[in-house]
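Down below are the structures I want you to see.
Next come two complexes, and both contain subunit A; in the first it sits with subunit B, in the second with subunit C.
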Partner chain A sequence: MRGGGLLPVAGLLGVLAAGQWLLPAYHHANLVRIMVLALYATGYNIAFGYTGLLSLGHALFFAAGLYGASFAATLAGLPPGAALAAGTAAGGLAAAAVGVLALRTAGVAFMIVTLMFAQAGWLAILALGPWTRGDEGIVLPDAARALAGFDLSDDAVRYPLALALFAAGLLACLWLVRSRAGRVMVAMRENEERARMLGYDPFRVKLAALAISGTYAGAAGAAYALMFGYAGASLASVQYSILPLLWVLVGGAGTVAGPFVGCLLMFYLIDYASSLTSATLLLVGLALLVLVLFAPRGILGTLREKGVRWLP
Partner chain B sequence: MAALTLLEARGLVCHFGGLRAVDGVDIDLAPDEVHALIGPNGAGKSTLVGLLAGRIAAQAGSIRLGGRDITRLPAHRRVRQGIAYTFQITQIFARLSVFDNMALAVQGGAARPGGRPALKREVAGALDRVGLADRAGEVAGTLSYGHQRLLEIALGLALRPRLLILDEPTQGLAAAEIAAFKRLVAGLPPRTAVLLIEHNMEVVMELAQRITVLNFGQVLASGPPAAIRADAAVQAAYLGG
Partner chain C sequence: MTDGLHLTSTRRTVLKGLAGTGALAAAGFFPGYSNAQSAAPIRLGFQLHRTGIGASYGRWYERTATAALKRLNDGGGISGRPVEIVFEDDGTDPARGAEIFGKLATQSNCDLVFGALFSHVVIGTAPRAAELKVPYLVCSEGHHVASGKLNRWTLQPGITDVKSQVQAMAPWVSSTLGKKVTMIFPDFAFGYDHRDYFSAAMKAQGGEVIAQIAVPPTESSFTRYFPQIPAETEVLYHVMVGPAVLTFVKELGEFYGSGGHPQLFGFIDSLEAVDFASPGLEFLAGSHFWEAMPRYRQADATPAETAYRAAVGVDDNGAATGDAKDVSTYSHMFSVWETLSVIKAGMEASGYAGPADRAKFVEALEAMTGFAEGEDHPQGAKTFNGKTHQAFGIQNISKVEGGRLNVVHKTSIEDGMYPDEADYTTQPL
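And then the complex of A and B:
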């Protein structure tokens, strides 16, 4: 539970940094998207993997970042840096607000309540067509995506930017789960009643974890909007609540780098499957089945269990 | 006299539907006593200590700790005020190491040591008192049943409580472990008062300075062991007289 972990994380970030020069254009572009989504998954893991909060409503926090940044850029005319900050804050605030209400429940009820909040958010986005343009979405003008003279639609620019965001999120996550607060989060996951009778307030700990998790989702949503120039209702749908859960489960819940591994793997699995067959979901389903059978704790979780103890 | 009372509960009530689990109970604990709570199964003992620890909300009555009203205080805040509670059914962090279990307890208590050396010292001290000093590195869930019970007690001790509530702690312990347990509890006062729910009468008679007998959610008798042993009503209801 304690000790290093910095080395493997630094190693992963080093490899990703080398990708800026070494990767062929196609994969270089893919990784921008993967790193942004992995930031989302890393945050999801803080709530789900470490604190045991199975939320089905994170799409709302992702969307808060997505639209928070988009509106900040288009309506308020803020520069990308400020728009990113606005979206990040919107994600955290949305998660805190949902948490205050949803954390009165637990287990299945918590899943349903968070899902309902996210569905309400998605319907609201569709209903507010004049501003959000619903499913069609907002396309951010190039002017909103120019950062200090650099063009955020250029892969050579957005790759290091996505990497910087992901690196910050990953290192912050490593620091958090190694801290005293992180161990209290794990205590809530492992045995909430015991933790309460050791003097810890379950509501406060879980609310903080959810708000941090939502902040990650907001940052990822905002980065997504600014880098890919688009914010649409489909990115707020229930699918975007399920995806981070899936990535985390595949990579290993409660492991620092698991969400990235899961995200990377699923991205290329779907990419590969769609080149073979139109029944992509069937292949993805089969892959998940194999995983559940042979690596029920996810890839990194199972490796760690099998004795690769240096994995954070 | 008021200063000699650590905990003072008046008219506590907890009904589950029509079932009067705790039905108007008064209880006083001195800061330096071992106080046993006995009574037949279903008498309301676990419910009563649940009320004291704040796990269950009282439907009526009041609880004061060191003169301060804690009736409405949530359980986790009562822990920080100095009430430690061990569960009748063992509750530990089974997948964490013994050390991590203990670290959570040390840092959850009222007195918080600063820094890692102090934490290690504190953990080692509490583990040593229950005889688990050499188990710190093990995963808690892999300990034997008896050792898990001892870890649960150690978690309570690590909180440095003013009052330690133990709900049937010797259940399932071997004879040697019970002997060690008795030595441990006898050494807790005067720093820590103990409220002990216990079926083993030998343990009760040896440890307790006072005994409260509960039956059908009400106090049947309360007093020193000799008086309780002699009480006819207690004999009829409980001691199998």
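And then the complex of A and C:
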């Protein structure tokens, strides 16, 4: 059981790698976005799916990565590799800082406190207009998007980079949740008091999980800015706290590949629904309702429950 | 249970599809990818704010584009080829805007994309235009194009930018309404353009902006901001956008009540798509508004403007023909019509035959210097700056009289000109 899941994950990554050559241009570009956002969702799953931390503040960590990388590249003049690292670190640090305060609460109070931090961050971005240009956002210059000689504005370059980032995040997640530390995280989700009785410090475990989750969000935010050349306040809005929660719930909380599946499905559901009607969210909402009724543990979670045990 | 299994089956299908797209292509999931042939229709993508904060504008932008397309095809299309417009909803969201730009360019095989209004959507999308090397003609008003922050593939040939608009207006405001101005504007970038450029323009006229009141974009009630207006204010300059504009103007009226108030000068954005006959707006009588194009038909309306008004289905009061409550976004939507005219001119001037000629199309636009007033450009004549990719036109100042807006002053194109801040032609195509 401890070594399980590697083969299906490798299979998923292999399929995605084949997409570099097989997918038509539009879907090729979509997969780049989906993999970057799935990295974000994978991190969210570590906090929510495995540790039981229902955060509504992850937009702050995503935005920390987004603006951390953007400012590192534009204001500090750092090369894109360093900007990516700076954004990743910014996400982790933001999550750790929020966690120190927010983890004094639990349950609904934790949701509200994290939401408030994220809203404060979003308003701060709007208030710092001279640097962030608020809702309008900033465009990263071409020079900030050339990583080790590779042009990140080129779809052919972006795809393997997004895949590499997603693969690293997915494999690290698989390793983490199969490790001793991962089982302690699950213990916090299942029965915090019993875990405490066994000698584990819930605050430290949950803080570590939140910081790791924030690091993922920061990496995704930084990659988003550098790959797509844009950073704006809308990417720090409450919508970007709710989206990873939805992706994880749809794909399957507490499953390694579920966040990717949820992100992929939601992306194409919105894309397809918007071509049918202006009431896009109504269609998406109905689809989610059906999913909740018939697959309450998300797609991979329900499949696993029904006997497909090899799913990661 | 059955539905659950059905969902499982769908997911498997998609995963299989990722491994071998050929099967899905055969199933019709992906449309064909043949390039446009010379006799085939020209396909234009339209980035439409059908939903989200820009929906009231999007509704009229779609109608205007449809009317302009009919006129274009009735007149022989472009270089004798018929023209199609593919609309995609961007949700007035920058991330989605970039996604649907790619969809229009690479899945719908559009020759170019046009139509976006809201600044954050334009700025979020422009990098994708440069990546794909697909012309992106925006109808946005923002100064972001002329400021040089975008790229060579992004142009704004159909509407004057905010910096030019406020610069052209400031002399009249200063000489006619007063020199001490308080500004109320949205606390985001569009509002900052007004704040920065109008303040500078007033200063150049010997006037002064004595207070700047920024209202957060999430605000739904504005009462608490009005006491910040200094008593010595001579002119209250207001501009607001979004679903709460009517609330803003009504609450402003309630704040002043029947007592005296400063001269009011507003951007029509504060009341675009809003009926002037709405209860609570009576206090606006005697106040002034900027309009790019007069909502109410004026006595001296040109034949071109009259024809345009009829074509887009707007009556003499600026509402949809047959529905007085469906008020148009008349000061913005002409940009869609005029941009389509520029697209035709640019494609024909460049000998555009297909996507391989996109760079030639951009160069042809950059070579243009202006557009004459007429049915192609019913808002008025324009100067076009090929280096900054920005058009400059006349502006109107209208007074609320008898429940309608009457034009009392027209600026010249020269009033809104300013030194170049960019030269996109130096960027490679």
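As a working rule, the second predicted complex is superposed on the first by the 309 of 312 C-alpha atoms of A that agree within 3 Å, B and C clash if a C-alpha of one lies under 4 Å from a C-alpha of the other, contacts with A are read in each partner's own complex, and residues count from 1 in each chain.
Quick note on the criterion: contacts are C-beta pairs under 8 Å (C-beta built on N, C-alpha and C of every residue); 3 or more make two chains touch, one makes a residue touch a chain.
Nothing here was measured: the structure is a model prediction, and the numbers come from that model.
Colleague: Looking at A:199 after the superposition, I want to know if it touches subunit B, subunit C, both of them or none. Which is it: first, second, both, neither?
Modeller: Touch status of A:199: first partner only.
Colleague: Of the two partners subunit B and subunit C, indicate the one touching more residues belonging to subunit A.
Modeller: The partner that reaches more residues of subunit A in the superposed model: C.
Colleague: Just subunit B (first), just subunit C (second), both, or neither: which does A:187 touch?
Modeller: Touch status of A:187: first partner only.
Colleague: Regarding the shared-chain residue A:20, is it in contact with subunit B (first), subunit C (second), both, or neither?
Modeller: Neither partner.
Colleague: Answer with first, second, both or neither: which of subunit B and subunit C does A:278 touch in the superposed model?
Modeller: The second partner, subunit C, only.
Colleague: Which positions of subunit A sit in both the subunit B and the subunit C interface?
Modeller: none
Colleague: Please output the residues of subunit B touching subunit A within their complex, sorted ascending.
Modeller: Per the stated touch rule, the residues are 53, 55, 74-77, 79-80, 84-85, 87, 91-97, 100, 103-105, 107-110, 155, 159.
Colleague: Which residues of subunit A touch subunit B in the complex?
Modeller: Residues 1, 180, 183-184, 186-187, 190-191, 193-202 of subunit A touch subunit B in their complex.
Colleague: Which positions of subunit A touch subunit C when the two form their complex?
Modeller: Counting only subunit A, the residues touching subunit C are 15-16, 18-19, 22-27, 29-30, 33, 123, 126-127, 129, 133-140, 153-155, 228-230, 232-235, 261, 264-265, 268, 271, 274-275, 278, 280, 290-291, 293-295, 299, 302-303.
Colleague: Sort out for me which residues of subunit C touch subunit A in the complex.
Modeller: Going through subunit C, the ones touching subunit A are 1, 3-4, 7-8, 11, 14-15, 18-22, 25, 30, 33, 50-51, 88-89, 91, 93-95, 98-100, 102-103, 106-107, 119-120, 123-124, 126-128, 130-131, 142, 144, 149-150, 187-190, 192, 216-217.
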